[in-house]
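A, B, C and D label the chains in the order they appear, each numbered from 1.
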Amino acid sequence: MAEFDIGKGKTARRAYGFDDIMIVPTRRTRDPEDIDLTWEIDAYRFDLPFMASAMDSVVSPSTAIEIGQQGGVGVLNLEGLWTRYENADGILEEISTLDNAASVQRMQQLYEAPVIPELIVERIAEINAAGVVSCAAISPQRTKAHIDTILTADLGMLVIQQPVLSAEHVSNNDSEPLNLKTFIRGLELPVIVGDCASYAAALHLMRTGAAGVLVGVGTGRASTVRTVLGIGGPQATALADVRAARIRHLDETGVYTQIIADGSMATGGDVAKAIVCGADAVMLGAPLAAAVEAPGRGWHWGVQSVHPTVPQGGRVPVEPVGTLAEIIHGPSHADDGSVNLAGGLRQSMAMCGYTDLKDFQKAEILVSQK
Amino acid sequence: MAEFDIGKGKTARRAYGFDDIMIVPTRRTRDPEDIDLTWEIDAYRFDLPFMASAMDSVVSPSTAIEIGQQGGVGVLNLEGLWTRYENADGILEEISTLDNAASVQRMQQLYEAPVIPELIVERIAEINAAGVVSCAAISPQRTKAHIDTILTADLGMLVIQQPVLSAEHVSNNDSEPLNLKTFIRGLELPVIVGDCASYAAALHLMRTGAAGVLVGVGTGRASTVRTVLGIGGPQATALADVRAARIRHLDETGVYTQIIADGSMATGGDVAKAIVCGADAVMLGAPLAAAVEAPGRGWHWGVQSVHPTVPQGGRVPVEPVGTLAEIIHGPSHADDGSVNLAGGLRQSMAMCGYTDLKDFQKAEILVSQK
Amino acid sequence: MAEFDIGKGKTARRAYGFDDIMIVPTRRTRDPEDIDLTWEIDAYRFDLPFMASAMDSVVSPSTAIEIGQQGGVGVLNLEGLWTRYENADGILEEISTLDNAASVQRMQQLYEAPVIPELIVERIAEINAAGVVSCAAISPQRTKAHIDTILTADLGMLVIQQPVLSAEHVSNNDSEPLNLKTFIRGLELPVIVGDCASYAAALHLMRTGAAGVLVGVGTGRASTVRTVLGIGGPQATALADVRAARIRHLDETGVYTQIIADGSMATGGDVAKAIVCGADAVMLGAPLAAAVEAPGRGWHWGVQSVHPTVPQGGRVPVEPVGTLAEIIHGPSHADDGSVNLAGGLRQSMAMCGYTDLKDFQKAEILVSQK
Amino acid sequence: MAEFDIGKGKTARRAYGFDDIMIVPTRRTRDPEDIDLTWEIDAYRFDLPFMASAMDSVVSPSTAIEIGQQGGVGVLNLEGLWTRYENADGILEEISTLDNAASVQRMQQLYEAPVIPELIVERIAEINAAGVVSCAAISPQRTKAHIDTILTADLGMLVIQQPVLSAEHVSNNDSEPLNLKTFIRGLELPVIVGDCASYAAALHLMRTGAAGVLVGVGTGRASTVRTVLGIGGPQATALADVRAARIRHLDETGVYTQIIADGSMATGGDVAKAIVCGADAVMLGAPLAAAVEAPGRGWHWGVQSVHPTVPQGGRVPVEPVGTLAEIIHGPSHADDGSVNLAGGLRQSMAMCGYTDLKDFQKAEILVSQK
C-alpha cells in the first residue's frame, strides 16, 4: 500500500471507511436459510458474531442476558455505572431526564464514584446465573486492581480495552503499567484486547496471546475522537491492515487471532462489510442502544463522552426501533436496515453467494467516490 | 483496471456512478430530428430503447399498453399484485392511503397472498389484445412453476429477474434450482435475465443464451440494498464491465447480447450516460412512477421493499409530473429533465454529434470530483 | 493526461471545475494599483476582460451601453426578446411577474415570436450611438438569414454561438449548414465562436479564423444541461484543454486565438481561476443578472431554459446586489465576492504577484479534495 | 510530489486540509501528565505552543495579558482599533451592536481612522507591565513608519504579517518596499513573518533571518479569500511544503526556523494535526474569539473582512463557550473539542504515544475520502 506525499515534507496513506465501499456479488446466490453465522472464539461458540459494546447505554446485566439468549454476547463495562452504584437503574433514569446543556457535566460527576468490587461480583454472578456466557471489559490501568475480584466472580471472557479509560486514572500515574503479554498468558479465561487500528499495534496485541483484538479508533456514533483529538482510522482500512497482521502472526505462530470490528456499523450491511474486510465478529454499540429495553433509555454515550477534562462526544439521542430480539433477528418492518441485523447479514451473504463467515471474507469490494 | 490496496490485507477496485460522469461533445452537432432511437432485440423492434420496470408502482396492464403505444415496452411483475388479486386496483388504492408508519408491514402482508395462474393468463391477454408486445418478469425460483401458464398465455418476451424475489420463497428451499442455460435454450420466446453488476456474472448470464441481460444491483430510487445489505455496483462501472463481457461473448460465440441498464436514471441525460457506458436500452422505474396514470398513485416501491424479514427501502413518494406520453415524448414545461426522456436523449445525442444508439456508445466521458 | 478505465470496457479522463482548484501565490506580492487588466481582441482594446452573456436577463441595449462604459462589452442576443418585440421591456416586466409553475410554458410561448430584422438594426444602432463597441450573438442556424441585416447595422463584433439555439430551428432542418471557415474569413468584423469544451472542438473552431472561442458546456447557474442531457465539461479542465489547442494552432499558423471562459464564475476569484487556466477573458451571466438595472428584474435564464421541448434549467431568482458599476468596479460592502469583480481579480493578481493577464496565466494551481 | 494534468495544457498539484487527514496512533500510549507542551522561540520559552491571532476580535491588551498568563502569547494588531482609538472598547461595543446588513460598511469606515503612535506605545506598555511577553503585528507597508515607535515601546516579539494589510495602503504605492532581509537582521528582537503557503515563499522568508514563519493563506473561519480571490493553500499540504523548506534552510545555514500554523484549527485535535504536519506552534483566531472575555463580544473578523474595496469575509458570529482559561486549559463540559485546547492536544499526543511536540511531528497520517 503506497505512501504518497501530502506536501514536500510529509507522507500519508489513503484510508477508507465502510461508507466508501460496497460488496460485489459473485455470479451465484445462496438461500438465506443455508447461511451459517456461528462464531467460535477459544472454547466458546456463539450463534451470531455479535458482541454488544461495553457501554452503559447498551449493556446492563439484564440486556447482557437477553443478548446472550439471542445468540450474541454482551460486554459489561466494569468501570461503568453498574459497578459504581448499587442502584444503577436509578442513575440511568436520572441521566435520561437531564437536559442537554447540563448532561456532560452531571455525567462527569456520576462517573467519579468509586468502583465497588462487590458489585463486580454481583453483576457477573447475575449474568452467569442466566446460563449465558458472561463477558466484561476493564481498562489496562484498572486490570491489576480488579483481576482477583474478576476471577473470583468466574467471568467467562475478559475484554481489556484502552478507550474504556477510567476517568480517575488520568492523574494517577504512579502504578506500574500492565504487561499484557505476561498477564494474559497467566490467565485461564480468554481475553480480548483493544482497540487498535493499525498493523503494528494489532501485531503487538496479537503477540500478547489474546484470543481476539478489537479494531476501531475514532469510530462509533457517540465518539468525536476524530474531531476533538484528530485521531482516527477509517474501519475498512483498519480491518484490512489488522488482517495482514493476523496473517503474519499466523505464519509466525500458527495461532489464528479473532478480529472484532468495533464501531461504525448501523445495519447488517455494515456488519457484512466488516466481515468482508477481515473481521470474524463485530462489536455493536449504537444499533443496540436503539432497543426499547436498552439501559440508555433513548440515549447513547461512551466513556470518552464523560472524560473529566476532554470529553470526546456526548450523550446522543437514539430513537428506539424495536426490542433487542427484533433488532437482532427481526422480522423488520422498517426499511432502513436498523432492524434485523442478523437477517441483513444473512441476506447480504446469500445475495453475494457465500455460506459462512470465513468464506465471506473473500468477497470482492468496490470503492466509490463520495 | 487496476486493483489497489484499501489496507495491507485487502484490495478493491474503484467504481463510478452516473453522477460521477459527464459525456463529452464531439466537434460536430446533429439535428435532433435526424436521431434514430430504435432498439432491436431478437425479432422485436421498438421505437425507443425504454423498458418499464416490473414494479407494481410502475407497470399495470393498462400502463404496459400505454408504454407500448408510446414506443417502449412495459414489464409486468408476475409475482406482484396484479397476479395475486383480481381487484389489484383496489389494493393499489389502499396502499396509496396507508400512512408511512404502517405501510411496510401492511404491504408485507399484501404480498403474502398467493399468485393465481388464471390472473397471469388474464393480464397477459389484456396486453396482447391491445396489439403491443407483452413482456413480464418472474423470479428464477418461480419460473418452473409458472412457465406453462406463461407459454399458454402467449407472452411476447420474458424477464427472469433475481431481485424480483418472491417473498414466500425465502423459506422454500426444497425445489431444485433453475438451470437457466437448459431452460432458456428450450424456449421459443426471447428471454432477458438479471440483474447483474460484474463481468463474471454477466458472462455467465450471456452464456445461457439470453437475448439480453439487466445490469444494476443496489441502484434505483426505491432501493436501499446498498445501505441495508452493503451490496452495490455503481452503474457506470457495472455497465462498462458488462460491456467487456459482451465483447468476449461476441468473440467466443458471434452472438451480440443486449445490455439493459436497470436503475439509477432520472432524466434523458442519465439514459444517455447509460448508453455511452455500453447499454443498448434502459429499464426505468421511478421516472415512470411519476406519471399521472401510474398505478402507484404517487408512490413507488420495489419487491425488496416488501421483503418479509429484511425490507430494503420502502414506499417512496413521487410527485406526478405529467402523463406517460409527456414523460416519454414531451413536450416539457419542466426544467429538471423529468419530462421528455426521449427528447432529452435525442437532444443529448444531437449536441454530442451522434445519430444512432450504437454509435453513441463510442462517446467519450469525463469523471469529475464530487 | 492519462485515460483510465471506469470499468473493463470503457475509459474516461478526470476533469476539474473551478471549485476544485485554488491559485497558489508566488513569493512576491504586487500593489493592486499596478495591475493591468486590459484585454485586446482583434482591433479592439477593452479596459476589462469582461463580456456580458447574450442572455435576455443580462444584456439589453441599455445594459450593453453601461457595461461598455464600465470597460467591458455586453453581447446582445439577436434571437432574444429585444429582436422579437418592439416593447421588449414590457415582455420582460411580464416575465418578472410570472409565478414559478407557469413560467417555463409562458416563456416558451414568448420566444416563439419571429425575429424582426428591423429590430436587429434598431438595437445595434442604439448601442453604437452610445459610443461603445456593439457586440451581438446569433446561432449558426440563423446566421445566414440575418448576416446582411447585421452588416448593415454596422455591428462591432459578432458572436456565433451554438447554445444560443433558436427555438424554432429544432424542426427546421432543410437549410444547408453554415460553413464557419468560409463564412468567417469572408467577414470584416471579428467573430467569436462557441461554445466548446474540448481540445478537438476548440482546434476546429480556431481553424475557422475566429478571433476568439467561447469555452463552456453545461456550466452556468441557469443551466441544467449536465442534469437534463448528461453533457458537460468542468471549466478548469475545459480551459486547459482549449489552451493546448491554442498552443498547437499558434504553432501551426502563428495566430493567437482569444479564449473566453463562459460560465461557472461568481466572483473575481472565479474569474482569476479562469485566467490562470488559460482564458484571456471571461463571459459573465448570473453575476451581472444580479445588477439592479439588469433586464431580468431579479430573474435569470438562458435560451436553453426556454427550449420548446426539452427545457434545460429554468428561470432562477437572483438577488440584486448593486448597480452594474458597483458589481464591476466596487467598492464592495458585501463579503462574498459578488460585488467588485474587477477589484477581486486585481486583488487576486496582486496577492499572487502578477501584473498582467497573460502573465497571470502562468500561476500555479492546487487541486483539493471536496 | 507529482504534478498532474488538469487538462492538456495545465498542470496542478493535489493539496490536503486538516479535515482530509487523521493521525494514526502508535502501538504505545502515554500518560497525559507526562506530555511536554513547552515551546521555545529565540530566547523565549512558553508553556504552550499557542499564539493568539492579531485580530481585533481576539486580542486586546487585556486578553493578551490573560493569554500570556495562561501560557501562550497574544499578538496585538498594531493597525487595528486599539492603535486607532483611545476608546477602542467603545468602538468594539458599537461593532457588536451593528446589524448584519450595515456591519461591513461601518467597519470599513472605522478602520479608516489613522494609527496613532502614542497608542502603540501605550498598548505595548500595558502588556509589558503585566509581566508577560508582549507581541504585536504590523504589515510590511507600515513597518518602516512605526518601527521606531515599536522599539521605543520595548516590544518583546514582532510579527510582520502581509494579510494584516493596512486599509489605507491600497492606494499608497509611493513608498519603497521593505527589504525584510536587511531589516530583520538589523533588529534585536525576534521577528515572525508571514503568511506563506508554499515551499518557495517559505524559503524566501526563512532566508530573511526570521525566527519563525506563519503558514496559512485563505484559511480561517472569518476569511473568504478562497472564494473572493480564488487563492488558497490547504493547511496540511502547506505545512508539509514549508517543513521541506525548513529542512533545506537548516541544511544550508544550520538555523532551525519555527513554523507557526495560522488558521483552520477549531480543536486540540486540529492543533495536533498542525504539529504532525510540521508546525512547532499554532496561531489561533476563532477558537479564542469564542471566549467570554474576547474583545469581539460574540463576533469575529479579520482585516481582510474590512478591506475598503474588496472585503473578503465578514463579521461572523461566534458563540461564547467559556473563559480564555477554560478554552485553553479546561476542564471541558462541552463535547465538541471547543474547550480545553491544551488538554485535547495533550490527550491526542498521549493516545498516539508521543511526549513532546518535536517528537509528535513524526506521527503518521491517513488521508480519507470526503
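Here is the rule we go by: a contact is a pair of C-beta atoms (placed from the backbone, for glycine too) under 8 Å apart; a residue touches a chain by one contact, two chains touch by 3 or more.
These numbers come from a predicted model, not from an experiment.
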item	value
Third chains touching both subunit C and subunit B	none
Interface residue overlap between copies subunit A and subunit B, same or different (over half shared)	different
Most distant chain from subunit D by Cα centroid	B
Euclidean distance of C-alpha centroids - subunit B vs subunit D, Å	57
Length of the line joining the C-alpha centres of subunit C and subunit D, rounded to whole Å	40
Sequence positions of subunit B contacting 2 or more other chains	15-16, 237, 367, 369-370
Chain-level touch network, classified as line, ring, star, complete or other	ring
Every chain pair in contact, whichever chains are involved	A-B, A-D, B-C, C-D
Subunit D contact footprint on subunit C (complex, rising order)	1-2, 15-16, 18, 21-27, 29, 31-34, 199, 236-247, 267-273, 276-278, 330-337, 340, 343-344, 346-348, 351-352, 364-370
Subunit C residues touching subunit B - in the complex, by the definition given at the top	4-10, 12-17, 20, 104-105, 108, 162, 170-171, 173, 196-198, 200-201, 204-205, 217-218, 224-234, 237, 305, 307-314, 367, 369-370
